[in-house]
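There are two complexes below, and they share chain A, which is joined by chain B in the first and by chain C in the second.
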Partner chain A sequence: MDKILRIDMGAEGGPKATVMDLGNYAGLGGRALTSAIISAEVPPLSHALGKENKLVIAPGMLSGTIAANSGRISIGCKSPLTGGIKESNAGGQASQTLAKLGYAAVVIEGKPSADSLYTIFLNKDGVKIQSDDSLKGLGNYDLVDKLQSVYEGKPCYISIGPAGEMMLSAASIACTDMECRPTRHAGRGGTGAVMGSKKVKAIILDDSGVSMRAPKDAEKFKEANKRWVDGLKKHPVTGEGLAAYGTNVLTNVLNEAGGYPTRNFSSGRFEGHTKISGESEAALETERGGNPTHGCHKGCIIRCSGIYNDKDGKYLTKQPEYETVWAHGGNCGIDDLDTIAMLDRLDDDYGLDTIEMGATIGVAMEAGLAKFGDGEAAINLIHQVGKGTDLGRILGSGAAVTGKVFGVERVPVVKGQALPAYDPRAVQGIGVTYATSTMGADHTAGYAVGSNILGIGGKTDPLSPVGQVELSRNLQIATAAVDSTGMCLFIAFAVLDQPETFQALIDMINAFYGLSLTGDDVAALGKSVLENERKFNISAGFSAAHDRLPAFFSNEELEPHNVKFRVTDQELDQVYNW
Partner chain B sequence: MDKILRIDMGAEGGPKATVMDLGNYAGLGGRALTSAIISAEVPPLSHALGKENKLVIAPGMLSGTIAANSGRISIGCKSPLTGGIKESNAGGQASQTLAKLGYAAVVIEGKPSADSLYTIFLNKDGVKIQSDDSLKGLGNYDLVDKLQSVYEGKPCYISIGPAGEMMLSAASIACTDMECRPTRHAGRGGTGAVMGSKKVKAIILDDSGVSMRAPKDAEKFKEANKRWVDGLKKHPVTGEGLAAYGTNVLTNVLNEAGGYPTRNFSSGRFEGHTKISGESEAALETERGGNPTHGCHKGCIIRCSGIYNDKDGKYLTKQPEYETVWAHGGNCGIDDLDTIAMLDRLDDDYGLDTIEMGATIGVAMEAGLAKFGDGEAAINLIHQVGKGTDLGRILGSGAAVTGKVFGVERVPVVKGQALPAYDPRAVQGIGVTYATSTMGADHTAGYAVGSNILGIGGKTDPLSPVGQVELSRNLQIATAAVDSTGMCLFIAFAVLDQPETFQALIDMINAFYGLSLTGDDVAALGKSVLENERKFNISAGFSAAHDRLPAFFSNEELEPHNVKFRVTDQELDQVYNW
Partner chain C sequence: MKNPTRFVQILSRIFQSGVFVNATLGVSIQELLENQLNLSKDFVDCNVATVFLNGKAVDKIDKAMVRKDCEIALSGAMPGFVGATMRRGGYYGTMRQAISYSDDGCLSSENEGLVRIKLYNSLIDPVGMSLAQHGFLITQKDWESLSGTDIKEMPVRELDTQNGKMYLLKI
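Let's turn to the complex of A and B:
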């Protein structure tokens, strides 16, 4: 991981690859690296689909090593959805593979003038870029099937579906999992549209003949990783909860807390919650010969992922995550797991962010395009996106555009990006993160739900504004650092509750790189990432007015607690004061 | 004009009207009044289609008097198109009539919860608000026809078409002209969508039995108005040019200057310009028994308006303005006047801003939805908007949304509002106004074309950045003041060239109100209007980054002069430094 691969898709005579030293970017990985490159090299006021934007794909600092759960890959760009900087990370095999191939980042630049689609193949011998128009319009599943017949061995794939080709703002980038299925997505912010604008349909990563990355101090690294694994295994969430029911264990929890956004954020409880809960989902998966306990990449010991089979016991999709089950479930008034799983499958296949699409369908339902609870209508709406009809293009442009086109007032977005599965009125801490994150509304940017609802790292009252700014600030800083390591964010449950597990993570980094970082250094890294991102966003036109929730969260009470969002604007403006 | 009529459309039991004193708003008119009310009373981050927004309709300070050309009406709100403050003004009969009825402003507030449509009738006896669902979906022409059979005498009408009912961001508000045709529009910024959100379909203004407003010093006022009329008559533009060919006299002028934006701003000259020029238009109108010389309201002596008949000599539409002929003509590669006139008619009937729609169709053509030059396709696209199809809703949401939905990079908007008929690369002064105006791209906010191209008020080199910031600043200040008087902006040609005509205007205001204002006071008024507007916009989320042209104007050279926009960001940031 001592080099950057730059590919100029707009070079004269066709795409041109150049391998470069890390230079100023040395020592960075994951989000720290993508955000550093974007903020240094992309003009903040350039068009997100233009030649000046760049798509940066970067494994984390510990990816490609034996460190457990180090398989997140960061994908950065100027977002076509928000207009600001974007880092969206995904699981699957891509991060480990790219890291083992030695690339700290692949930077896709420029824009071809012709209309051809390209594949990029990376292995130990270098890079090969080919045009292949036979791939046009393929969904991610068919695409990967087709490429698997071409590429020998077991490469992994980073790809876009039709939504990305159409450059829709809700388009995701898919990464294949251990079974080579395109189920792990860098979903948020329209990264797929940027890949589509560069005309790159797929990146094929083959690590045959390359080894794991070697630490500077192998013994110390191994020993720290042992403590790390022990820490993850002993925490109830990372050791048991997520394995048993996946992230969807949260449905019942959030519903009980009255913070489960129902029918486009009009209630905090969904009467159909038990039918779509993680408990029901896991039971159904087991019953049908699927699997509720599964890792999305090699080296994962949390195993929150799973396999969802259809009624005939045939693979349909990966186990839909909590956010997906909510977005297409309670948020659309839908209480049928098979419908939700089909929507998940279609989102993955067309290459769409499940959160953005669920929120968008909720807005479309509020506009009267379909009735809340009508699963068939929801499936049809996603098909419209895949087909690229006029309606589909509206929906595929996300909740904000859909709200504008259909004159809807209650549109749950911040900086143009849809809110995830926690109502900020009943979970005020996550409201602070939604409002102020550099990413637009994003639960992963500072998961205050952990403290507000689960009591992780200490309990805060979810209905009170008190302490939420400090909580969100600290989590946003820590998350920016974690997102740079390649670690799955779920390690945070253990790290926040167990100081010795946090120390094990630092010890791993130190042993790997021959450093002597402390906890303060980790916080400093997180702050510097956020500062880079925030600087970009300000130059792109974001001001304090954009660090706000939509007005209806402050004006409408949410049942059952009859609460409004009560963190003041003045308090929100303190999040970045450190 | 010593009272404000407030109508709460969301009041319990149905809309409720209240007449109030002017209070703090005393002495203000037109844009000064609409912007003062919006900036004081509408939360900048509220939803433009929500109950917190207000629609303010205000005649100018001299409207309802004998002062020549004092018939502009200002309509203000938070704009659904830009998200910022909006004042859009229109000709026609409404301003004189409302002023004579004694209202400094009608403020439409709140939002009904039911789905009924309302009419508001104002005459000397007061106000009458009725629900009338038989008006739903009517175009402005049919609507006015229908209402004319209901209301006796010769009232004038302020109304919205289907686009406003659908709350589309490009929806306009129509005001009827002297022939009671809905041809004079407050076009820009989606004012019609706000009227639609309030469920007001039409406002009927009947001035039977009321007199002209009386000046404090009748003699002085009459004498000053005589000098005023003389001044307008003796200037070649206001005395002759506009009467002979209307605003479309500019087509040949701008084409010759290489600043005529052609096919979505991809060239500065249009090969078909002579076929759609003002000279050709006037000749055709005369030949068909129309009329190229006509005032849009009583008391207009410039008479730039006209009547456009179809091939059979039957009324089709008012004489399309230069901006409209450009937007649907050169900008779409269309060189047929009958096609352009039909598009103008449809825009007026559906209630759409001709500039926004022309720019939007240009973007749609760039996206491949139709070919540049295909007039039939353009007509079909506007029909889609009127019908409210999915495609129509995209287009009716304006150029920015259309560009986003179809992944177009070259989208000519500032603050979400489409650029008018002057390419900022070949007319750099208007580029400064487009970039920095509080209104989004708006040629009327500081018409630097006058100096850059026509040499009005002194000549500046249109291709050079030198002096453009100062020029635009001074024009924006002067315009904000003129927009407050009710005066048609075209008086500026005479006022800028003839100091004695400017003095006559000040003398009229002084004689009417018993004041002793100087030119400096007028400038101070203009500055205070802009300051109000800018404060609102900053709170609504606009920053320096929004005072910029789209990147392609700085990156792409425009033929025939092969120029880019060269005013620097640092210079743009000086416009509001006074």
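Let's turn to the complex of A and C:
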């Protein structure tokens, strides 16, 4: 990973590829690299769909190695949904493959003047960019099928569906999984719209003839990876819990806590929770010959994903994860797993963020476009988006736009991006993260990644109100650092509970790059990522007023505990004071 | 029913929504789990990671008291940030302070009564088995939802309770 591939889609005479040294970006990977490039090279006030915006695709620092769970890819740009900086990451095969091909990043720049669609093919011999209008309008599944008949071997694909071509703000970028299905999405923030604006329909990555990346100190690396794997395997969540039920295991617990946003955040409990829980989902998948325990890329040993078959035992979609089941389920009053799985399939095919679309349909239901609980109506609304009808284009622009168009007051967004599946009135600490994250409302921005072990920000008293702000800050810093490694965030539990597993992660980075980083250096990396992102957002016009939750969280009590969001504006404004 | 594992599997959905147990009141959740449901201290310490009493996250199960008509939900370790905040005594517990359990000190005048127990994820099988041995009640609606399963063939006792007609299941 010692080079950056820049592709100018607007070059005279057609797209032009240039391979460059890393230069100032040496030593960075994943989110650290995408955010460094965007904040240094994209004018913050530029239009997100204009030629000045860039789409940066970067594997993590440990991607392409034998390190377990190191295959997350970061995709960065100025977001058409939030207007701020964006890093959205995904699993699938792309990160490992791109890293093995030696690219620290692919940067797609400029904008073609013609209306043609392009594919970009990368293998060990170089880059080929071709226009191919026969791909126009294809859903991700048909697209990948078609490309598979063209490209030999077993390449993997990064692609957009019709939503990306239409440049809708909820459009995602799909990455194919181990079975070459387009099921892993960089969903948040409209990255698919930016890829669509560059007229790139698909990137084909072929790693035939290349080997795994070699560490500087192979013995030390192997030994650290062994400790890493042992740590992940022995922990009850990463070793067993996630494999058995996937992330949807959270449905029952959030519901019990009264923090499960139901019917567009109007209450904290959903009466149909046991029908759509992870426990019920896993049982149904097993009964239908699917599989509740499956990795999204080679080298994942946690395997939180799965295969969801329809009533006839035929593949329908990957196992919808917690946020998707919530967004299309409880948030829309829908308690039928088959309906939710179909919505997930359609989102993946049209290329849409499941969280944004679920929240949008919740807002649309509140506006009276459909009744809460009407699964067929929800499916129809997603089809409208895929077909690009006038209504569909409004919905595909996300919850904030839909709320404005239909005059809905209760619109759950921060910086224009929909809130995920945890009500901040019940879990106030996550409200701090939703409000202040550089990304807009994002549950992964402040993940439990062992900030206590890192000791970022010194020792805080977690029981003081100020502690919530400090914890959120520390979590966001630690998350930014992990997002740069290429590690899946679900490693968090093992890292949180087992200091020796966290040490194994640092030892792997050190052995691979010949470094001697400490926990403090990792914290410094996380801080620098957030500082880059924050600087960009301020220059793009964001102020303290954007670091707030919608007013209804402070005004409306959430049943059953009748709680409101109580963290003050002054406290929120302390998050970035370090 | 000959196969207790199958018994627990069939009841998985009902365990998630909650079954009723006749319990000694005025004791802690820890005592209920260990002394009445016969779960070992080790099992409770290592596996019962997240506990709710009437929907509020409990940090100290030896201080949270079992009262008449209360609802207790038990879960194994949960993934993710919010999973970490819900854990009893967890470092991130402050982030869900608004829904943390605090004892109101009220004492129950009765010694025995029904409490509702909900089981989630990795605890459905092992705790479900303990409940099956101890005996528990399910509502008429839940009983009817079992039609077509082997459980319907089991001999059960039908009871009239303050919560309406209920069915006592025991293996």
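The criterion applied here is as follows: the second predicted complex is superposed on the first by the 559 of 578 C-alpha atoms of A that agree within 3 Å, B and C clash if a C-alpha of one lies under 4 Å from a C-alpha of the other, contacts with A are read in each partner's own complex, and residues count from 1 in each chain.
Operating definition for what follows: a residue touches a chain if its C-beta (ideal position, glycine included) is under 8 Å from a C-beta of that chain, and two chains touch if they have at least 3 such contacts.
Model, not experiment: these values are computed from the prediction.
Peer 1: Please work out whether A:R548 is in contact with chain B alone, chain C alone, both, or neither, and reply first, second, both or neither.
Peer 2: first
Peer 1: Could you say whether A:S46 touches chain B, chain C, both of them, or neither, answering first, second, both or neither?
Peer 2: The answer is first: A:S46 touches chain B but not chain C.
Peer 1: Please indicate which partner A:R393 is in contact with in the superposed arrangement: first for chain B, second for chain C, both, or neither.
Peer 2: first
Peer 1: Quick check for you: in the superposed arrangement, does A:E240 touch first (chain B), second (chain C), both or neither?
Peer 2: After superposing on A, A:E240 lies in contact with chain C but is clear of chain B.
Peer 1: Is A:L168 touching anything from chain B or chain C once the two structures are fitted on A? First, second, both or neither.
Peer 2: First partner only, chain B.
Peer 1: Have a look at where A:Y308 lands relative to chain B and chain C in the superposition and call it first, second, both or neither.
Peer 2: Touch status of A:Y308: no partner.
Peer 1: Identify which of chain B and chain C touches the larger number of residues of chain A.
Peer 2: On the superposition, C touches more of the residues of chain A.
Peer 1: Just chain B (first), just chain C (second), both, or neither: which does A:Y350 touch?
Peer 2: So A:Y350 meets neither chain B nor chain C here.
Peer 1: Between chain B and chain C, whom does A:A426 touch in the aligned arrangement: first, second, both, or neither?
Peer 2: In the superposition, A:A426 touches chain C alone.
Peer 1: Which of the residues in chain A end up touching chain C in this complex?
Peer 2: Those residues of chain A that touch chain C are 236-238, 240-242, 244-245, 247, 249-250, 252-254, 256-259, 273-275, 277-280, 283, 304, 322, 422, 425-430, 443, 446-448, 452, 462-464, 467-468, 471-472, 475, 490, 492-493, 496, 560-561, 563, 566.
Peer 1: Which residues of chain C touch chain A in the complex?
Peer 2: 9, 12-13, 16-17, 47, 49-50, 52, 55-57, 73, 75-86, 91-99, 118, 120-122, 124
Peer 1: Going by the contact rule at the top, pick out the chain B residues touching chain A in the complex.
Peer 2: It is residues 43-47, 49-50, 52, 80, 166-169, 193, 197, 389-391, 393-394, 397, 401, 404-407, 409, 538-543, 545-546, 548, 550-552 of chain B that touch chain A.
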